Amino acid sequence: MKYSVSCKLGYDIEEETVCFFNLQPSQFDRQVLLDEHLELEGGREIDRYTMGESGNRFFKVVAPPGKLLVQYRAEVDLDPLIGDPAGIGQVAPLDLPLDVLPHLNPSRFCQSDRLRAFAFRQFGEFPPGHQRVTAVCNWIHDNTDYIPGSSHGTTSAMDTIIDHAGVCRDFAHLGITLCRAMDIPARYVSAYAYRLDPPDFHAVFEAFLGGRWYLFDATRKAALDGLVRIGMGRDAAEVSFSSFFGKATAGEMEVSITSPGGGALGDLTTQAVSLSER
Amino acid sequence: MKYSVSCKLGYDIEEETVCFFNLQPSQFDRQVLLDEHLELEGGREIDRYTMGESGNRFFKVVAPPGKLLVQYRAEVDLDPLIGDPAGIGQVAPLDLPLDVLPHLNPSRFCQSDRLRAFAFRQFGEFPPGHQRVTAVCNWIHDNTDYIPGSSHGTTSAMDTIIDHAGVCRDFAHLGITLCRAMDIPARYVSAYAYRLDPPDFHAVFEAFLGGRWYLFDATRKAALDGLVRIGMGRDAAEVSFSSFFGKATAGEMEVSITSPGGGALGDLTTQAVSLSER
Amino acid sequence: MKYSVSCKLGYDIEEETVCFFNLQPSQFDRQVLLDEHLELEGGREIDRYTMGESGNRFFKVVAPPGKLLVQYRAEVDLDPLIGDPAGIGQVAPLDLPLDVLPHLNPSRFCQSDRLRAFAFRQFGEFPPGHQRVTAVCNWIHDNTDYIPGSSHGTTSAMDTIIDHAGVCRDFAHLGITLCRAMDIPARYVSAYAYRLDPPDFHAVFEAFLGGRWYLFDATRKAALDGLVRIGMGRDAAEVSFSSFFGKATAGEMEVSITSPGGGALGDLTTQAVSLSER
Amino acid sequence: MKYSVSCKLGYDIEEETVCFFNLQPSQFDRQVLLDEHLELEGGREIDRYTMGESGNRFFKVVAPPGKLLVQYRAEVDLDPLIGDPAGIGQVAPLDLPLDVLPHLNPSRFCQSDRLRAFAFRQFGEFPPGHQRVTAVCNWIHDNTDYIPGSSHGTTSAMDTIIDHAGVCRDFAHLGITLCRAMDIPARYVSAYAYRLDPPDFHAVFEAFLGGRWYLFDATRKAALDGLVRIGMGRDAAEVSFSSFFGKATAGEMEVSITSPGGGALGDLTTQAVSLSER
């Protein structure tokens, strides 16, 4: 399925600022980049690179005081693997691939070391594998209000359990945390999300099950098979659309994703969706 | 119903230490003290007093280096009011007595200001009043493991929600917190608890409902109509059996409560129990 | 010294709301109320009362949907005791009056139980008594930025140590916490503050030293001898200008304090100031 | 300088357990492994591997119920670079190598996002570079008590600031956190530490300065030029000597490091020490 994604981000730069952007979709087997275009006003691109471990793609910009405008668009062909949840089991620790192991560790916003008792008490009865992670997502969905502005940059999964409220970032962090607490590797994913309303960048998570990474969205706001992955990492501390060293204030922001051919149907609550093996 | 309560507490005193003890049952209409006896070895009693607001009874001891042994026993006649939960409603804020209002505030171990969304989401469907507080206790009981040693002196209700484990003190703090979060006044109570196994001091809580304070024990470990109240206050920060200014290490400890006439039946899960109006 | 204090508070009431206000100065020996006047628009006063333990004065209002406007003014004669800090020592725990003891306990926003090592390490070298508490205030002043909007209703002393920023409420909480951590009773005080710029309600704290409560303001924003005390309590959880049960949004707010005779000189950094013995 | 390192670790295994061990020194230019020997009793080695990003070396063991004994020893040649702190500056964000960037992010135990104001207030006056990080270490050393048992597995840098106490792990976390808060990349390092008394595994940290990773030890307990690096990562969540999936209880533990030729002098407080460029 083909998708056109784009974003337009404006900033007020107060003093010369170094900016790192991670807006470009990753490239891998089931997510093929057909075309892309980046345009900068009020800043100059210094470097463009792909991180080794994650495959996240960045560009580095130096912006002088004034307005900075970043416009990016790309055409992507997405070919998600659709499977039967019942057949997707949990991988025994002994059999986990090396590069997956770090995603068992607690991280800044995902204190899985504190939540083992909680997680096993709440979800231990569900069959291990895809169904258990779905149970985690159902519980998060039922116990957390999606309220824009209810959390901030330092909000962690432990806060979200207490607050019972958050945004997509918080839903993803809580899902990751509860998975890791039960020895299921999980990682944070930022994405262009088809049918997300209102349009915005989205955050979901992936759990490593049956030998692949499967997508989960506890907010139930987007079609799992219509997610164009941008960045992935331990949690939002590693995955952000933009980082600044200097003084910048965010201004206008537009995000869009369309599908000329119709796009994901989005009614996949009974199926498992995976984009990447690693 | 008559009860004999007693305790024996030993301490190693390293340097001259001032000790405050709150071991004596409170005195009020439905809890009448028939007789009591205090014996000290290795320390001298300086003062004995009753706090104005709470009615908690203290004695102050100065202990020189060496062994300190405190032995206390009392005979108490308990006459709890037994009522029908269905008839005990919530008191509207407008009608709350003045001295009850402070028990709506958050306190050290009961951060009710953080848990409003949590509480209303979880318990908002239950009818206001005694039944809603019982729903709180049932939830705590079902979601928290009673594990001696799983918490410590700085553990708060927010920790207990995360840890899903605690002791009687933690169960009481969580109950108080969830009540206050829903505008139900609640306070911490320490007690001699009939049938508690193994025998020990116990902690429960009271909620102000239908014009009186009703007892609740989310641990379900003791008979509600067999609780001889010692201290009450906002939370464990205000209610402790002993406080030391100096250097003391706790040693032997024995607590006992017996009833010559047979004591509380303890099978009162379908009834409401209250000791005090204020 | 005579002061005129006043405030004007406006609210949008969405549904019938019960409001408790604590805007009136307390009455005691050194703070004499000469005259006062309360006016309500859009609500009706139900009750007016003084809390037993604290002496805080409240009025209770029921407001229907619409605008609520509260206007209060009073004339107060203030006669603070001015003393020499060097002569004001710490009271030994053995000698503390009963009603002072609760102000040694940790409370919602003042987790003094966590900060004993911190406090003794930082301030243990200073002579016990007024000078040690002044050292605490100096440290807070030097290590905390006063930034309006940098904290919120759930910010505690532990947060303020981490954030190094806060408002008067946070400065007071941190002072209280560090005092209690060193066995110095301390309590929270709300006040009309002469010379505070811009005019607003203010929060400071009192420490019990040499047999009286002495005033401290780690923000150094107001004259210690020009504080007209409104409420006092364990911390801001017990002392608030207004509490609402219902739905109200704060609107306009004006606070003023003037002194016909000139008022406090405010240059009292080398002297100790006390308003109340209890 | 040549070092002999060894450790002997015993475990009681209750049920079949998968164990990951990271006990072997890393291999890189200035740390050359001359010889090593691993011996297992009560378990069988399944795999031995080196993580791509970190170069950390692991072996995976499956242990049946019973005793598991792990004995490891190695000969290492260490050639640390010794430099003049005054000449080692901070690298501008624009010039940071890609693989260094993730070490600017907050992590599980290092909430640098919360401590920017704290760090710049406390250390902003020191010249950027090695001297500023040394100021961080001096402050940690002067404000934190090294107390075995004072912290536990979930203790983070924010806790350590509050507690003013910890062990080597906590000193390292706090150092890392304060560096990252000031945009200095920093990472956690586990090591065999020459002259550490009593002998044990040690934890220190590295900061990226002047184009290399420099070693820092805020505990001042070991010779910086006598550290044989085992693992490195974001914080202790990524770097642990052993991880278990199953049921294992730690028993005996012996760690040793000797130097046939005399070893590090350890009196290097006025010099900068670096082992690795990346």
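By written order: A, B, C and D. Residues from 1 in each chain.
Heads up, the rule we're going with is that a contact is a pair of C-beta atoms (placed from the backbone, for glycine too) under 8 Å apart; a residue touches a chain by one contact, two chains touch by 3 or more.
Owing to the predicted nature of the structure, the values given are computational and were not obtained by experimental measurement.
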{"item": "If a chain touches subunit A and subunit B alike, it appears here", "value": "none"}
{"item": "Whole-Å separation of chain centres (CA-atom averages), subunit B against subunit D", "value": "46"}
{"item": "Distance between the centres, which are taken as Cα means, of subunit C and subunit B, whole angstrom", "value": "30"}
{"item": "Multi-partner residues of subunit D (at least 2 other chains)", "value": "114"}
{"item": "Inter-chain touch pairs (all)", "value": "A-B, A-D, B-C, C-D"}
{"item": "Residues of subunit D that touch subunit C when the two form their complex", "value": "114-115, 117-118, 121, 143, 145, 158, 161-165"}
{"item": "In the complex with subunit A, residue positions of subunit D that touch it", "value": "18, 20, 46, 49, 51-53, 60, 62, 92-94, 98-99, 101-102, 105-108, 110-111, 113-114, 153-154, 183, 234, 237-238, 245"}
